[in-house]
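Next come two complexes built around chain A: one with chain B, the other with chain C.
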Partner chain A sequence: MTRTFQGRFTPWLFAAPGLVWLVVFNLWPAFNTVVLAFTNAKPLGGGHFTGLANLGRALNDDQLATALLNSVIYMLVCLPVLTLLPLLLAVLVEKKLPGITFFRTTFYTPVVASAVVVALIWEWLLEDRGLINGFAQWLGVIAEPLPFLTDRWLLLLSAISLTIWKGMGYYMVIYLSALGNVRRELHEAAAVDGAGAVRRFRSITVPGVRNTMLLVSVLISVSALRVFSELYVLSNGTGGPGGQDMSVVMLIQMYSRGFTGHLGYASMLSLVLFVVTVGPMLLLLRLNRKGA
Partner chain B sequence: MRFPLTALTTAAVLMLAGCGLGDAETPANSPAASASGGVTGKVSLQTWSLKPKFTDYVQGVIDSFEKKYPGVEVEWLDQPGEGYADKVLSQAASGTLPDVTNLPPDFALPLARQGMLADIGRSDTAALADYVEGGLAAYRFAGLDGVYGYPWYLNTDVNYWNAELMKKHGLDPAKPPANLDELIEQARTLRDKSGGKVYLMSRKPELGDLTNAGVKVMSDDGKSFTFNTPEAVAVLDRYREAFKEGLMPKDVLTDDYAGNAKLFTEGKVAWTTAGGNFISSLAVDNPSMAPKVVSSKAFGTPPLYVQGVSVSARSKNPAAATALARWVTSPDNQAAFAHLTAIFPSTKASAGDPFFSKSDGTNGGDAKVTAFASLPEAKMLQPVEVGEAISKVVKQQFSLAISGGATSKEALDTAVAKADELLQQ
Partner chain C sequence: MRGFTGENVLRYALLLLVLVLTVGPFAWMLSTSLKGSGEDIFTEIPAFLPQQPTLNNYARVADSIPVWSYIANSLIVAAMAVTGNAVGATLAGYALARLRFRGMKLLLGLTLGTLILPGEVTIISQYVTVRGMGLADTLLGVALPGAIAMLNVLLMRTAFAAIPDEMDEAAIIDGADAWQRFVRIGLPNVKGMLSVVVIFSFIGAWDDFLWPLIVLTNPEKYTLTVGLQYLSGAFSSDPRLIAAGTMIAFLPIAVVFGVAQRFFFRGVEEGAIKG
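Showing the complex of A and B:
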């Protein structure tokens, strides 16, 4: 009896710490967010059910529309670039050449650096009197500094460039491990049959890392739609003039913080972001099934 | 193909979990704590980032209080500077607010609205006569009767000028600008003479600048904003023209509070506003610049910054808590504190203290005296109702107007509409 009891519950006992963590810090807050989205909760007081009032407010919120547009642009640029460039980079650094470890390390360095430190360095590069504007003016290419950090589209472009620069090394490493599983004999056989490097990349490498590409695409989509630190640091938390460079996560942060935070509305924004993020993921999944 | 589903589920849970927000306790509208009864029992005092620099001072205040009231035991909690608002918020939401807490007026307002703070106008009426009116006014809130904190210490801003940069580029540091017109005029001279390498102006306007221009920022009942007036349009237009002329760096559009002080310390701009002790911190950050800085009174009505202590309405020992709050903010203890650092007492008894009104002859001493002399006319230029989200919305719209992305009228109308929406929901 005791042995049976132990046999039945021992796995659960081992799993218990993880399960408790999952329930307390993941599932319960997620559930709570859904509940709060339909209330007027504030840090002190409120919390009454308000039906679809927050959803109605979100649908009429021009700042949310702007933030969603920024997030979607972010994703549309980052998705193809960060899915393909790291793969090409991985193919290059996969080769066993003298000193190739140096390049692998160099490409990976931005990943190790903290996002905030990286963004601060980029701020120094891009600001009015930063390195890039100073150098361009010294060369005579531009007469006036380019407003990298204060023009709506240039700020977005700067943040996207930062994300791509920082993400290249990370996804390159994922691809490097996937490339190790692509059989070398296939490349050799194709080469004997006269296939060039491009043809081999298209017909052997890409199908060989297809699943990894899908995983990378999903990760990029989620992180691009949830972008925060790059835009936050480059705009000093303001979201640029008029808040035109806010992302949805920045909006959530803005509404949820402080003594008078609008927790109910911030929760509704979280739900909106969730729905928006699930869409591209389902699409990628469907495309992959079709492709398979 | 299981992993995409797993990834999708994980991402979904993580995303929602990241946004998980704790429910807030809705406190009862407690009556003001009664300060009657004996001063005995255990009380807690919460300060904001005073350890370790002022440990001896605060401990001395506590020891003398316990000596005066032998039946009292004070527990001192000092919270780190970062995240203090979040800490107080979590204490308030969980019903664990200390008996006496250091709360600036904007922290005290939401707690007072929830009935969490004692009204000293009722519980300790006699105390009101000890403090300067500006300090008490900071703890009187629109829509609420009473005073919800003992003013502790005060500060204000003064103008700081880099005399070396001004002289080098054709300006007289003995005659610094005294208003916005003169500021723009001298900014133009500095820009022209330095070939655009040095700026005088390096911040965009804030709500305080509108108050100074005679704009009424908020209605008397504290229920709506009213700063979209022609006078406010004129102020933003002045800054927009200055920005267009290149009289300030483009990056001011995304600045933060320390923006102009940081650029000043780096020697990139020749003017900043800061508290009375700025030169002593400058002496650490840029020792060669510190002796070359001169100060002058802030433009218009100087801003008033108030720190105070409030008594929890739920204190189990209201009499002891009230006595402790009053002891911490008493004239003698405030004066002793102000002799240790560059703050000013909020009690009427310190008005004649020559320590504050006479300079030691250094430029830092001059700045302190300038700040102290400004205090009688200083006012809180921004309503305490302006929380984080409202402040951000206002900054965004002001930046848009100055950059030319919208007219000043459009930006002000949008800012008022959004701020009202945030205030009322």
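Showing the complex of A and C:
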């Protein structure tokens, strides 16, 4: 038997490809983002150190302020809805009824579909001549089509609804995994004592998955702050009327391209994104530790 | 079921309601994509089923935009992502879980640390790196950064760590080296997690939008999602065509997930997937 992989460098041979990717595509870009944020790097050259110029520009950037406002609204709406609805859905699909695998799989389908696909489907439903406006007009609820895709606030609301619709299955599966650990005997004992479904949900299910709810709310906050595809596709890349429906990531993408691009400023915006995402994450982790 | 049929009827009613809300929009898009040009799709309440079913819209999409080359481009990127992750993440995961070496803790800590950085934060400097390698506007440039995802390294490490130590110890006494232990003991015991990594590498690469949008400038190199967005601008006057293009992007993923869902939900029930 040949013993080629016996030496002390063997573990490094196994780890080598992963290590290269860790350094080149994870650690270096993280470091370089900070460096680039203080330069005037352009898509076509440039790259001189410009001190705090990008920071000053960011602090006076009305578009960035609007994008951050949109992000906060996005988060405030998504957080309660996506923390609670998927939990109810998980409770619904938890019981192993005949055909339940079909329902679970189908409910997860919007998650595996591309955000572009989902946004195009909803664009067709929400446009002036689309099904939702048509149905509402037929019912007589509205006389004129509602401008879901062209009004500054309705467009934001449409994108939020889309994020919620697409995200339900994802968080449902996380909750489903956690519900497996909630002890069944507790439910049965409570049922015998005459506790109704609502009561059991509040006093047994919710406390049992409390940590998972916290984890889910962190994931929701961070992904709400990172939103891109929904707003980009629903607004056809324009960011809505007057660019008022941009997210921070849309601004980053906008500055990454073409003759008007500015990679240095885009990197400063990336730092802003990091600061706002790391905030809720640390806060919630701390809450979690205190509660435990 | 102990006679709780009333409860089960309610459950099925709710399940069907959610099913309609989930499948409805997809079904509506599919139906629109099959409607003939003579059908009025803009009345207040259009017919749910196509009155003049036709595949003509699919043919017209393929005539107007290079949808086949978009599909080929997406497949190339997805194949590179799947291969890279299946090989690279598996090897690295094995090293972190089962081999002892100096610096292992540091390596593990750094790998874990990357998870707090959302990908969007480093996307600009990622682009600068890829451009510096001369890979801007290439499919290799799209695939390369995600070809070994740190999350997948950690998932594979978890799977390898669950193998009992005694199995390795017995093999060491038999004189098996690290590679032989990896092939004979490691790999056969992580098939479940490996399939999860493969499935989600494929889906992630196929669905990705922002990164290829930044890297690619030449429309001939567009992946399907970027091409689709481009299509929606070009054909906004005819939703039938957009619907057909959307279904071309969606159906392969639906089939892949439909076939692979067993592995996925088995993993969920074993508690392997925690987000």
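In this section, the second predicted complex is superposed on the first by the 274 of 292 C-alpha atoms of A that agree within 3 Å, B and C clash if a C-alpha of one lies under 4 Å from a C-alpha of the other, contacts with A are read in each partner's own complex, and residues count from 1 in each chain.
What we mean here is this: a residue touches a chain if its C-beta (ideal position, glycine included) is under 8 Å from a C-beta of that chain, and two chains touch if they have at least 3 such contacts.
Predicted, not measured: the structure shown is a model, and the values here were computed from it.
Residue contacts after overlaying the shared chain place A:Pro145 against chain B, while chain C stays out of touching range. Chain A is touched at more residues by one of its partners, and among chain B and chain C that partner is C. When the two structures are aligned on the shared chain, A:Ala67 is found in touch with neither chain B nor chain C. In the superposition on chain A, A:Ser270 makes contact with both chain B and chain C.
Legend: residue contacts after superposition of the two complexes on their common chain; A:Arg226 is shown touching both chain B and chain C.
In the superposition on chain A, A:Gly237 contacts both chain B and chain C. With both structures placed on the common chain, the touch criterion links A:Ile252 to chain B and to chain C. Contacts of A:Asn32 after superposition on the shared chain: both chain B and chain C are touched. In the superposition on chain A, A:Ile160 makes contact with neither chain B nor chain C.
In the superposition on chain A, no contact is made by A:Leu87 with either chain B or chain C. Taken together, the two structures place residues 25-30, 32-33, 36, 41, 129, 215, 219, 222, 226, 236-237, 252, 256-257, 263, 266-267, 270-271, 273-274, 277-278, 281 of chain A in contact with chain B in one case and with chain C in the other.
Within the complex formed with chain A, the chain C residues making contact are 8, 11-12, 14-15, 18-19, 21-23, 25-26, 28-29, 32, 42-46, 87-89, 91-96, 99-101, 104, 107, 110-111, 114, 116-118, 120-129, 144-148, 150, 153, 175-180, 182, 203, 206-210, 213-214, 217, 225, 228-229, 232-233, 236, 239, 242-243, 245-246, 249-250, 253-254, 257-258, 261, 265, 268-269, 271, 273-275. Taken in their complex, chain B has these residues touching chain A: 1, 3-5, 7-8, 11-27, 85, 89, 92-93, 106-107, 109-111, 113-114, 116, 249-251, 253-256, 259, 268, 387-389, 392-393, 395-397, 399-400, 402-403, 405-406, 411, 418, 422, 425. Against chain B, in their complex, chain A makes its touches with residues 25-30, 32-34, 36, 40-47, 57, 63, 127-129, 145, 147, 149-150, 152, 211, 214-215, 218-219, 222, 226, 234-244, 252, 254-263, 265-267, 269-271, 273-274, 277-278, 281-282, 284-285, 288-289, 292. Residues of chain A that touch chain C in their complex: 1, 3-6, 8, 10-12, 14-19, 21-22, 24-30, 32-33, 36, 41, 89, 92-93, 95, 97, 101, 103-110, 112-117, 120-125, 129, 131, 134-135, 137-138, 165, 168-170, 173-174, 176-177, 180-181, 215-216, 219, 222, 226, 228-229, 232-233, 236-237, 249, 252-253, 256-257, 263, 266-267, 270-271, 273-274, 277-278, 281.
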